[in-house]
Structure formats: C-alpha cells, structure tokens
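Next come two complexes, and both contain chain A; in the first it sits with chain B, in the second with chain C.
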Partner chain A sequence: MHSSASSTPPASASRRLQLASLLRERWDLVALGLLAIAPLVIPALGGALGGQVTTLFIYCILALGLNVMVGYTGLVHLGIAAFFGIGAYSMAILTVPMYPFQMGFAAAAVISTLLAAGVGLALGAPTLRLRGDYLAIVTLGFGEVVKVTLRNLEQITGGMKGLNPVPPPGAGVTLGGVDLGMAFAIDPRYFYYLSLIVLAGVVVAMRRLENSRLGRAWVAVREDELAASAMGISATRVKLSAFAMSSAVAGLAGCLYAASLSTTADPNAYDFNRSIMMLCAVILGGLGSIPGTLLGVAILVGFDTVLAPWADSWIQQMNINPTGSSLLSFSGWRLALFGLALVLVMRFRPAGLVPSRRLAAELHEGQT
Partner chain B sequence: MPIFEVSHLVAGYGPIKALDGVSFDVNAGELIAIIGANGAGKTTLLMTISGVVPARSGSIRFLDQPINGLLTHEIVRLGVGHSPEGRRIFPRLTVRENLQLGGFTQPDRWQLKRDIAEACNLFPVLGTRMNQLGGTLSGGEQQMLALARALIGRPKLLMLDEPSLGLAPLVVVKIFEVIAGLTSRGIAVILVEQNARAALRLASRGYVLESGRITLSGSGPELLNDRRVRDAYLGE
Partner chain C sequence: MKLKPLFSKAANAAAIRAASSGTPLLDVDRLSVRFGGLVAVSELDLDVAQGSIVSLIGPNGAGKTTAFNCISGIYAPSAGSVRFEGRRLERSFAASTFWGAMGVGLLTGLLFAAAAVDVDRLWLAVIKRGMITGEPFTIAGAQARLRGYFRAELAIDQMAGKWRVVSADGLDVLAIKRNLADANSLRDDLQAAVTARRTGPGTVPDTSDLADVAQKIPGQSSVLPVKEDVLDRLAAGKARIRRRGWLGLFAGWILGTAGTIAVWQRGRRSAHVVAQAGISRTFQNIRLFSTMTVLENVLVGLDRSIPGGVFGMLFRSPTNRRGEKAAREQAIEALKFVGLAAEGNRIAGQLPYGDQRRLEIARAVATGARLILLDEPAAGMNPSETGELAGLVERIRDRGVTVLLIEHHMNVVMRVSDRVAVLDHGVKIAEGTPAEVKRNEKVIEAYLGPDA
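== the complex of A and B ==
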C-alpha cells in the first residue's frame, strides 16, 4: 500500500501534478496540437527545417512498424529498412514519368503498402520456425539483399542515381485556385502536415491493435508460445500477421519518404544503418511502447539530422575551429555520443525511456 | 460411450521412449485421474495429446475423429483444453487480458464478456484483481486464473496437469472443489496429479502410469484400496 504518499500536497505541487498527469494521459493530443500549430508560429518550418521534421515524422512511422514485430511480438528484425526501400521504390515505379503507370499518390501508396506486406509474408512464411538470433540473421541478410538488388538492377531502379522525379501528391489538381502539386513541391509545410496526419493515423491504429484480439495474441506469443497455443492461438499465423503488419507500415513510410524527397535517393538510404537506427530507437524508447518509440526516434534521428548539423554550423560560425580539425567538429563525435547514450539508458532504464504499460505496471506492482 | 480414446500411444524425446504403448479412455462427463511418480510420463502424455510432442505411433481419437497429427491450436479448437504444468499464465498481462486470451476462440465478444463474468463468479478473488498483472498474483490465485482461463475456452474435455502443485493445503481444497464441479457442467476431465489420494477421491476411474506404461487401472475407490497403490503412492 502506498496511500501515505498521496496525502494532500500543497497547491502549487498539486497543480504541477495535474500538469504531469495531463501530459501522461493526454500526451498524444498535447503533442499533436503543438505540432499542428508549430508551422504557423515557427517560420523556419517553411524552409529546410520543415523538410527535416517531415523526415522525422516518416521515421516515426517506420519505427512504429518495426515495433509491431520487435516490441509486441518479440521477433528480432534487423532489416526493416528493406521494407522502407520496397515502399519507396514501388512508389517511384508507379509514379515517375519514365514508367507507364504514372498513378496518383494515394493509389500508388495503397499498392506499395500492400506490396511491402506481401513481401513481408513471403519472407516470413519460410523463416518463422527460426527464433531469436537466427531470425535476426535472416532479416539482416534480406536487408542487404534488397539494398544490393536495388543498386544492381540499374535498368529498373536507376542504380545509384535512384528513381526521380517522384511527383508530389495532388500533381495537376487545383483546389481553390491553388495547384496542389506545385504547393507540395514549393512549400515543405504541405508535406509536414501530410506526414503528421499519416503518423497520427498510424498511432491511432496501433493503439487499437494493442487492445484487440490480434494485439493480445502477438503479446501472448511473445510471452509464452506453448501457453498461447493452448489458448487456441496459431503461433505461425500470429507471427505472420506481425510480419505483414510491420512490413506494410514500413512500406507506407517508404512511400511518404520517396514522395517528400521527390526521389528514392540512392539505395544506401535503405541500408543496415537505417535498420539499426530504428531498432535502437525502439529499444531506447521502450519496446512495445508507442510514446517510447516516438520519443526514441525524436531523440536519435533528431540528434542525427537536426542537432548535429546545427551544432557543426554553429562551431563554424563561432570560429572555434579555424584549422578544420575533425576533433573539434560535432559530427566526428556523433556516433560516440550515440553509443554512450544507449549504454547509459540500458544501464539505468532497461525497459526504455517510456516503458510500455505492461512493463511500467510491473514496476508499480501492488498499486490498484 | 467414450468421447476420448488413446490407444497404444508411443512418444518420446530422442532415444528415450517416454510413453510406451499407453491406452485409456474417457467417457462423456467423466473425471479420470492419472497418477504416477515423477518422470513416469504424465506430462508427456498430455503434451502428446495436445500435439506439442509428436506421437510416434498409436492413435488418439476425440469425438470419433483422429486428432493425432493436428497442430496444438487445432486440437484446442476442437474442444480439448489443456492447462499445462506450472500454470503458464501470462505474467506480464493483466488478469483480464489472461482471461480474454482464454476466450481467444470465442468470436462473440459479448459472450466472451459474459464468460469472463461467470469465471469471476466461480473465483471471486479474480474479479477483484482484473487490472493486476498475472505475475503479481499468489500461487493459488495464479492456479485459479489458469483454471478460469481454461474454462473460458469452453472445452469439452479438459486436461489438468498438476493443478495442486506447490499450493497451500487450503487453496488445494478450493481448487479441487471447483474441479469436482466440472463434470456437472458436462466437461470431461483428465486430472494428472502427484497428490494421488485427492485425485482418486474425485475420479470415477483412475490409471497408474509407470515408466511410460499403464500398469494398473480401476475405479477410484478400487485404486484407493489397492495394496500396490497404497504402498507406492499413498505413503502408507
């Protein structure tokens, strides 16, 4: 019993408590609200920063997809970037002028997402008997195979040049006198809002999944496969569905990525580093935790793509490093800091920065 | 009329034959006990029936249909419930989620709600702990949860593996009370127990398993009074 701790606190402390509990329970609406008004009050989001934050949202979607496999179902996946790439390249093939399809954004996104899910199923079906380390190696290998294939199939994928230009959503559509395609191409805030809306949709979907029959089956298989099958759960089918769901969400993120950059970029954008970065984000934030995953991406990717370049240019502007020594550039220390942060988090918060509800409850057992 | 029949069942691990030609049957609404020492093959028998351990030869029939070769979840869906040894509740899921998983095969979510409410009627303590994690329950409560979870799956035949293991005597009494009531609900039960006396008192028939073979069988009272059973399993 912990009732003694909750005896009437002073007024200011209780207000702070209210704020804290508001943040904990309604963090999603608070964050969504802040992000929705941010472009209206921060002019920089209309420039390069807007594009960077859009990329951040896209990685959040990717990490939420990975979380289905690694977090909920407990299957180690080291090749999520491959499905990100499949989504991006399929988006490009369905829309770029060099191919005859030239579909609209929405139709291409739906097809690409389904395609990624299909590839996930095809990879999952023969490998599901593998557990732990072995599955990790298969997914790692698959990631490399996809990257090398994208690079070598030059006639189809454009090799190192990638495929471009991927047209923006709404190309050729005018809405209230505004050419939507042009607006998307010129003002990064359009993509900012588009990816924010998709991200919010994925968060809502993940939440509903967590409390669904399928979501419980994922966790049951993670916790105890034998007991799960004694409940009438087919572990094979449940794991396959996790594979497909993970791949689909990663593919969707890939679609947004290609469209927002208007190119697939070169195949190295879908390499092992990206997979590992996403895995680190999920683990750092908290396996199986939606807010944790989002925070993990915000910290890791934000550090990498927003903070590190900013710190570099600041050092240059301040003329701290006139000789150009790499020891004094922030980017040089980037990975060391990154590693240190991971080690510290795992040492002091092994369940992640925002542990999932289940793990959090474990730390507060006895409270009702 | 037996609803469940095992004949000449052989199964094992590698070179070891854990079951060496086991045959027995269960009638509708009957409770049978399988007793035996550690390592006699009791758990392997239930695991083989559930399809977790593959049968090497012999047959398993449930409701006049062969079930050997089916996958575990398919066997469960036919109505053969299995509450495995060591309870195997999901420690990091709440009591409610554990019960919901027990009704995984129930497609009607309102029916599932009613079934969960009914299980809480049977074990009122579970009703007060719905949002607590399974792993934080006491051993007795976990066994109740395991039993409730198995019942929510609406089995026609329920296999219970050592439900009294490691529990306080008073809790054992409560658990056996519930098990005794299962047959009146039309559920046939295979009760595997080391606590031979309690099991044979409940059972209409019993089988003694020794080194993978059935060495003795008879009605509950017959076995309770059998010289060999008394010497070996009742500690007299």
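== the complex of A and C ==
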C-alpha cells in the first residue's frame, strides 16, 4: 500500500520493499520459520553441525538473560557464566544416576532455574547498592568464586571431571513407539528443536516483560534512578528483580547446556571468558535489543563454534598448511578477528548492530 | 478531564480527617539540614494546608531545593521532622520486616554452617554413601547418616572392586575387605568398639577392645592396623566440627539479621517510601526518562497502580492486562490534563523544553499523589508559557491536590499562591499571604540588598 502510493516504482523494487518491511516487522516469525524448517532441508544438521547450532541457541538464551541486567537495567555484570554453571550443575546433581534424586528433565529444569534465581537474589541483595564499576568487580569476583567452588567441592560436583552422564530429556519415556531418551541421545535434531522452542519462549517472555510494569521500571532505573524512586519505585527491588530474572534465564540456559552435552564439562567451561564473550555479544548486537542480542551471539559464538572449525578443516583439506603453522590456521586468528569486529562495530555503529528502539531514537535525535 | 483518584478510600478519609481536625497536610517542624559545617536549611517551620498552593521563594542558594529534597526523602534531615497527614514519612517496622530479617539471617547462618562443617564431606557421608552400597535412598536413612557424620560413625565404601570400612567422612580408611558381608561384620565390630569408648564409664581408652577385634578375625592380613588414636578420634566424634557448625549457624544468623535490619533502617526514609505515601515531585533540572516515550514516562508514574507479579506479567494474567489497560487510559488522561496527549508516542528527550516540564508534571500528577512539589516549573519559560503554567498549577489544586511550589517568576507566585514562605540563607524570614509578603521589609532587603 505504501509503495503503490508513491510514484509507481518498478515491480521488483516494490517487492523488495515489501520483503524488507516484512523482515523488519516480522523478523522473529521469519527467523523461527526458517530455523524450524532448516533440519528438514539441511541434512548436516543431523550431524555435528546440529549440535553446534544447538549450543548457539543455548548461548542466545544466556545472552538474553544477561541483556536483562546490562541492557535494560544498565548494571554491568561480568559473572553471568557463574549462573550458567549453577544451572548446569544443579541440573546434573538432580538427574545423574550417581545421586538419589534422579528427577525428570522438566522438574530438574524448573528447580535449577529457581535455584539460579535464588542465588542471584542472594548475591544481589547485599551488592546492588554498589554502582557501576564496583558492581562489575563484585560480579567478576563472584564468577571466579563459583568456578573455584565448583572445582573444590569434589564430592558434590566431581571436581575437574564434572558430573556425567546427565540423562537426556524424556529418558525412559516412550512416545509413539519412539524411546525419547534414546532419540535425544542419538539424533541432535531433537535437542535442536528443544532449544529452539525454549529460545522462542524466552524471546516471547522478554518481550512481554519489556512492555510491562517491570520492564518499564528497569529502564526507568537505568535512565534516572532518583527520578524513578521519586515516582514511588523502589530502585533496590527493581534491580534485584533484574538480577533474579537474569540469573534465572542464565540458569535455564545452563540446564539445557548440561543436558545437551550430557555432562557438565569441567568448571572451566563457566569461567570469565564465557561471561565476557556474552557481554561482548550483547554490546555488539545492541544493548537492550532482543534481535540485536540474538544477532550478536550468532556472529560471535557462531564464528567460534561453527565457522572457525569449518574453516580450519577446509584449510586442512585443501592442504594449504602442510607444516601446521599456527599463522595459517584460521582459529589462530580467532581473537584478532574478534577484536577487529568489535572495534569496527564501535566505530561505525556505536549503539550496536540492531540498536533498541529507544537507543535508536536517541541517536536519531543526535543527528537531526 | 477529571481523573479517577488513585488513592484508596482509607487514605482519602485520613486526608479529610486531617483537614477537618485542623492538622495541616504537610507539617515541617524545625527542619535543619547541615552539610559538614554548612547550614543549608535552619529550623524551618512550614505548614501546608490541604487543598492550598504554598510557594517557597527566596534568592538563589537560600536552601529551597534542599528543603524539597528533604521533604521528598532524597536527603535525611539533620534535625527536625516532616509529617504528612499527621504521620512521619517512615517505613514502619512490620511483621514482614522481622520475618524477612530472620529469613536472611537463617540463610546466612546455613551458608556459614555449611562451610564450617565441610559440606563436601557431609554430602559424601549423607547422599553418596547410600548410593555406593546400593541401598535404596530413604529420608530416614539420610537422617541417620547425617547424625552419623557428626558422631563419626563407620561406613562401608567401595573402591576398585573392594569394600572398605571407612569413617563417615571418608577421611579414615580402617580396613579393606574382598566381600561386602565381611566388610559389614567388621564394620559392626569396629563400631561396637568405638561406641564402647564413647559411652563407657570414664571413657578410658581400653586397648582390649582392639585386641578383641583382632582376635575375632584371625589371619586377616587385610585388616589395617587400627591405631588407638584413630579409635579415640572416632569415639570423640566430630565434636569440633559440630561446635564449629553451631558457631557458624549462630554467627551467620546474627550477621544476616543485623545486616538486613541495618539496611532496612538506612532505607527507612528513602525517596520511594515518601513517594508511596503520597508526595510526588518534579525537579529543577528536568529528570525525565529521556529514552522512553512520553506515554511510558507517565506509565512509570502509574507503576504501583498495576497489579500482578512477574508471573502475571509473563503470562499476561487478566488482572495484569486490565491493570495495564486502566493505567494506559489514566496516563493518556494525565497527558491530556497537561496538554501533551498528541505527543504520547514521541521520545521524551526529543520534546521541546517547555513540554518536558509539563511532562514531568503529568508524571507527578499520575502517581495519584496528594501533595505535589514543583521545583521551579516555570524556569526558562516565556511570559505566555508562564501564564499557561500558572493556570495548570491552579487546575492541579482544583483536582484536590495540594501544591508546594518553588518559583522565581513572581507573577506566577503572586497569582496562584494562598501562602508564601520566604527563605534566605536557610532561614525562613517571612510567611503570609502574597500581599503581606510583598510588603515585608525583610523580604525586600533579602531580594534587593540592605540599601534599597
């Protein structure tokens, strides 16, 4: 309608315009549709690639959790991986055959998510009166404390060995002649769909929160804490809720991570690098922006877990690097490319790749 | 144009009662604020009657905004009190405060105790041990093992296909056996020896116990030499750990409870408590949520009128949806009230200056406050805008909302005020009707200097 009103552009241009507006308005449904069809079309997703993409989805959930704190509420959080780890380990403790609990996947996921939220509250309550850098240092320290604790509580967490095997969801459940547990263990597409569904659920939840009382209070506290409290909003309570929500979503991601790997891996999987990677993804994509966060993770983590291994194996296949020089391997340049990408984004799109509606408006204001 | 009152019937009744009994809506009593050696406000007395407009004027630096910050809970007064509707604006010590502090204390205590009793070993003794020997996990069994951990009872453990008799915490290995039955019977014997030491008269170490044990199982080379001091230690149990655990629980509990109460005490009179009691304000240097839309800014003011917790918001419960819808309508009405209804979807930071001031007023009005503090609402406005603003202040009063105003534009002050208080160097030098204040010599001197 919009294009027909203007001076009759060529049909192809009009179609392109329609496609562009469709992508802008309904990017979520388009992306969900494409990702849902992908495993049926691309056979590689039934193999190792499927597992890698599943991990990507899980990191997307983790980054969305971090976005609540860093993006909406404006609190720097450098220890999100700790809550990822707490989710993963409590999932494992509640399900592994070595311990007497041996719960089902759903029950364990709910409990682990709540536990992560509880730990978030317990950390937040005494520290949220700190501002800016100080809070960043506390969260950074907490991340390290959790990692070391997980390593040292050997009887509980298995120390450096981690806990395994974490049974797949639906273990022992037969549905229509298919043993779900076996299916999950053999075919990565099951986990692909499970994490895609959870990711979609988290996106919907985040959107609803964004446009609700709590979401507005988060942004209000970020914008002007004093003005918000003069409106009767308890800044401490609002920040605590952001901390709890962030931790809960990170914990949920951790549950999926442990279940999809069928092990918690060792505590070093939940270290500072992971936290920083997630923070970079959120900043790169656009603080407070859901599509931005997803894109940021897709680029940063996708580069790491999907593109780099693929490029490395390609280089090996083409026999470009017969001497095995690290200068000629793709993953050797990983961090350099990563840094370069961040510098370029900060130079050319300081509000992120897909800035949130609010930040975009602010920038627009600056330009006019 | 008339808004539904947001405040409850009870609060309304309290306000009416206060008005009829002659107590002012806001009663500032000998309020002093000192910053180090500097006295910003000194012994300020101010009464604001229900339904009136009171102005606070004075030269720059007279302490007007400081007084505002004190009333709205941003600063704590050094002395004196502020009463609103007859009560101090403080959070009261409710039952939930008490139980909250107790809960935090208990959690802290448990954390401390867990660290003190070595939670890792406790986990091994209580949770893992039963799984190793293959017995079904029961709550009663776990409880028994929990007691056993602190009494250092003996347990069976499996390692590399052999059965070991170990202390409950897994630190002492007393014997290794090829099959479970042997290990079990040995464990029982050793346990008996330990128990005899625990309960025996005088608890004198009796070496014959150990000798008995050795005689019962002759020729068993795999029996580790169970030294007396090991048995003594086992008999003594984990007395030290037990003591440490109790100490940790207690210390953590005290620390957690005291800390929670200290934090509560400090936040007793914070800005949001005052705002929730029914006082709202605007700021001298505009403080909008500048990246939010105009409508959202007002909705933040309506935050507390929307029911439903996190799950209500996540699942869009009917209550939450209705609340959001009602709040939206109220916000639009508040915007209409100040004349910004058409700008609802604009970003607040992009509004012209005068509109930003009016948006701040709309936000304050929307909170349903019964007293609104306006800090220089006409600053930077031209004469026609100031005229409009004076009209707006009067319309706020007509809604039954009391207004306390700081303003430098004398035409606004003289037009709208019922009473005017004049502050100079933190001291109230005059108070009365606009006409009285205008004639007051002290006021003229403060504004124009002693020679004028």
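Here is the rule we use: the second predicted complex is superposed on the first by the 351 of 368 C-alpha atoms of A that agree within 3 Å, B and C clash if a C-alpha of one lies under 4 Å from a C-alpha of the other, contacts with A are read in each partner's own complex, and residues count from 1 in each chain.
Basically, a contact is a pair of C-beta atoms (placed from the backbone, for glycine too) under 8 Å apart; a residue touches a chain by one contact, two chains touch by 3 or more.
Note that the structure is a prediction, hence the values are computed from the model and not measured.
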| item | value |
| --- | --- |
| Fit-or-clash call for chain B and chain C when the two complexes are aligned on chain A | clash |
| First, second, both or neither for A:E154, with chain B first and chain C second | second |
| First, second, both or neither for A:C280, with chain B first and chain C second | neither |
| Touching partner for A:P126 - first (chain B), second (chain C), both, neither | second |
| Touched chain A residues, chain B compared with chain C | C |
| Partner chain(s) touched by A:L214 [first = chain B, second = chain C, both, neither] | second |
| Chain B versus chain C as contact partner of A:A228, first or second or both or neither | both |
| Chain B versus chain C as contact partner of A:I86, first or second or both or neither | neither |
| Candidates 202-210, 274-282 or 310-318 of chain C: the single one with C-alpha clashes against chain B | 274-282 |
| Intersection of the chain A residues that touch chain B with those that touch chain C | 213, 216-217, 219-220, 223-224, 226-235, 358-359, 361-362, 365 |
| Touching residues on chain A, where the partner in the complex is chain B | 213, 216-217, 219-220, 223-224, 226-235, 358-359, 361-362, 365-366, 368 |
| Of chain C, residues touching chain A in the complex | 72, 74, 104, 107, 119-121, 123-124, 127-128, 130-131, 137, 170, 259, 263, 267, 270-272, 275-276, 280-281, 283, 287-292, 296, 299-301, 303-304, 306, 308, 310, 313-314, 316, 320, 323-324, 347, 349-350, 363-364, 367 |
| Touch list for chain B against partner chain A, complex | 50, 52, 71-74, 76-77, 81-84, 88-94, 97, 100-102, 104-105, 131-133, 135-136, 149-150, 153 |
| List of chain A residues in touch with chain C within their complex | 98-100, 122, 125-126, 129, 152-156, 205, 208-209, 212-214, 216-217, 219-220, 223-224, 226-236, 241, 245, 358-359, 361-362, 365 |
